[in-house]
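Heads up, the thing below is written out as structure tokens.
Lettered A, B, C, D, E and F in written order, each chain numbered from 1.
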Amino acid sequence: MSKKVAVIRREHFNAAHRLYNQQWTDEKNAATFGKCSLPHYHGHNYELEIKVVGEVDPVTGFVMDLKLLSDLVSEKVLERFDHKNLNIDTEEFKTLNPTAENIAIVIHDLLRPHIDASLGLYIRLFETPRNFVEYPA
Amino acid sequence: MSKKVAVIRREHFNAAHRLYNQQWTDEKNAATFGKCSLPHYHGHNYELEIKVVGEVDPVTGFVMDLKLLSDLVSEKVLERFDHKNLNIDTEEFKTLNPTAENIAIVIHDLLRPHIDASLGLYIRLFETPRNFVEYPA
Amino acid sequence: MSKKVAVIRREHFNAAHRLYNQQWTDEKNAATFGKCSLPHYHGHNYELEIKVVGEVDPVTGFVMDLKLLSDLVSEKVLERFDHKNLNIDTEEFKTLNPTAENIAIVIHDLLRPHIDASLGLYIRLFETPRNFVEYPA
Amino acid sequence: MSKKVAVIRREHFNAAHRLYNQQWTDEKNAATFGKCSLPHYHGHNYELEIKVVGEVDPVTGFVMDLKLLSDLVSEKVLERFDHKNLNIDTEEFKTLNPTAENIAIVIHDLLRPHIDASLGLYIRLFETPRNFVEYPA
Amino acid sequence: MSKKVAVIRREHFNAAHRLYNQQWTDEKNAATFGKCSLPHYHGHNYELEIKVVGEVDPVTGFVMDLKLLSDLVSEKVLERFDHKNLNIDTEEFKTLNPTAENIAIVIHDLLRPHIDASLGLYIRLFETPRNFVEYPA
Amino acid sequence: MSKKVAVIRREHFNAAHRLYNQQWTDEKNAATFGKCSLPHYHGHNYELEIKVVGEVDPVTGFVMDLKLLSDLVSEKVLERFDHKNLNIDTEEFKTLNPTAENIAIVIHDLLRPHIDASLGLYIRLFETPRNFVEYPA
């Protein structure tokens, strides 16, 4: 019988953002997003958990080498977002509102092609210690 | 294709309680619940996570505004339980034993009518950093 | 030259309390202490750090064996306060208001006679993760 | 309607290990596992979460008494692994590579016979605060 | 004999910043501050601890009411910096480089006039969980 | 007036050790150090805080660049101890008992020559989340 195990690696990055719907007036953005929409940005220490689910390789005892997963996340995610302004400096959020929900989906989609298709992939993203999201739920 | 995302807000409250089954003698309560049943109460810093699951609104980028969720939890849960004696001061636990399991179910049922029916609702409650519960599991 | 090192042990206990000055009316207590003075108590997961400072014994490499310190704290502090109502169940806080400041001083004074006089003793007490005290400062 | 609740207890143990496949040469082990395979072992503060899922007993308000669960984990897991060298001192990892994945599976299988068959059992094991696993996933 | 106790309140705010010395060329800023000087800002979840040291008032059992301290920090610090761009939106960092060291000094100096002169005041500021500062040291 | 600020960097390493005084019999070691002296080693996730105290450079706004401090700690401490067996693999603990106290002193003395003499240097070492030491105290 196969035994599914999840392995999780935690990484972090620091970025600036503001919540902003480009289709809306500034007034409607302020009314909807409050101080999260202030014009000159604020920022977060994002804590990122990447979970990979699959069977344990009987030879290595690994689902996936977490060192390789960490290197992959550095290359595909951290180099792109760390110490950046998500709204200005990234292609992904030039028009997409950088809510935690959307950031998690984008990170998932950046990593998905590089993880073996037999493995499940799940993202948890902490915007603050008290506000976080999971995708897919 | 719809994309389900979970958003989680963490809150906290401080309360006193004792474990006690009113149908039992004091001796049986002490034998079953040990020092958790001592007559003059003890207390906890409860940490409460409220998870809401649904599709991301393409206009806001939110599953649910966590500020609104936080306000809702303050109104429906924290004002009711924070700095209270659960056994004495609350209607919910006048006869129901305030175990972490029961507190989580009660909190779920207090919030459920106020969260859109299309959204999933899940509660995690930490009684201590080493003892916690999740409902529904 | 002697080398002073601090060794710290972290313990925890759960207790109920209310802030209350017995010389005052209920109204004045409520005005001063707010919901911390509600009559039926609330409670906390107290996290307690005990720091002992001294020279390293060249034979053991210890300032003080933290296992012995942990046992001492269990005997002198935790058995006295864990799962208790500080206002009702303890001699120490029958008349003394159980603020975090006073609890830290009481814990210090309970332990001081049992720690070698050549060693410094310092208490840090977390009432919540965001409110804590240190004695002596 | 039955209400499934999960109760979780967090425990910890300290152990030494090295990653090593006995079928391989030392060179292949070093190439695969890097510094995790260094010959004289390294170690971790393992944090262990045991989740038990079931219906709440209406008499006690418990899914399972976490004190009994903690005692069971101490007897079956902590006494076996705490302050041990997993590769040398344990039967379980004499030939099985002590990756976090394999340790989680072994802990699950040690506990499973002692938890009521009507209850679900899930293990989360932190090897470090940034590397952890879950079984079954 | 007087007994000095420290009381500490932990608060948090989210802000954007970049490290930048206005006297320098962009090249020198980049060479000195690396990615912390990227032009479009990044950000942090700042965790802020405010320590007040003094004697315990024998009537209240408080060094200082932490509720009042929390309100003061909200009014003087959080309203000024939370969800702001420190370089653009604040008077304090229009010319002063917003390093953690300088932010801690500025926060101290904003609060000092509002804390009784008999009390000591100390600031600890976490820029990330792994980088933090204390002032005065 | 000069303003002293402390800057702190947190790092971590994983290592195996056992407590052992080579002058003693195995029996005396076991009687003194208990399971910490078991012959085949155990291990820890050591968390290491390095605090540097000095005046803020008015040009950079830094006491010391934490990136440089982190690089220095990696080179002088982490490369030496990470994923090692302290008793076997290191010169420093071949005869010196690797208690947390002694490890902190050794780390201090490894770093001290490489930190400007005008700056204070302080080490905090967590052996577990509940046992830690500080040097100099």
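Going forward, a contact is a pair of C-beta atoms (placed from the backbone, for glycine too) under 8 Å apart; a residue touches a chain by one contact, two chains touch by 3 or more.
Everything numeric in this text was worked out from a predicted model, so none of it was measured.
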Check every other chain and keep only those touching both subunit C and subunit D; list them.
B, F
Among the chains here, which has the CA centroid at the largest distance from subunit B's centroid?
F
Repeat of the E-F interface, chosen from B-D, B-C or D-F (over half of contact pairs identical by residue number):
B-D
Could you find the chain whose CA centre sits the greatest distance from that of subunit E?
D
With centres defined as the mean C-alpha position, give me the subunit A-subunit E separation in Å.
28
Intercentroid distance (Cα basis), subunit E paired with subunit D, Å
41
Of all the residues in subunit D, which ones touch at least 2 other chains?
129
Is the chain-to-chain touch network here best called a line, a ring, a star, complete, or other?
other
I'd like to see which chains touch which, written out pair by pair.
A-B, A-D, A-E, B-C, B-D, C-E, C-F, D-F, E-F
Under the definition above, what is the set of subunit D residues touching subunit F in their complex?
12, 14-17, 35-36, 38, 40-45, 82-85, 88-89, 128-129
Note which residues of subunit E are touching subunit F in the complex, please.
19, 21, 23, 32, 34, 96-102, 104-105, 129-137
Per the contact definition, I'd like the list of subunit E residues that touch subunit C in the complex.
3-11, 51, 53, 56, 59-63, 66-67, 120
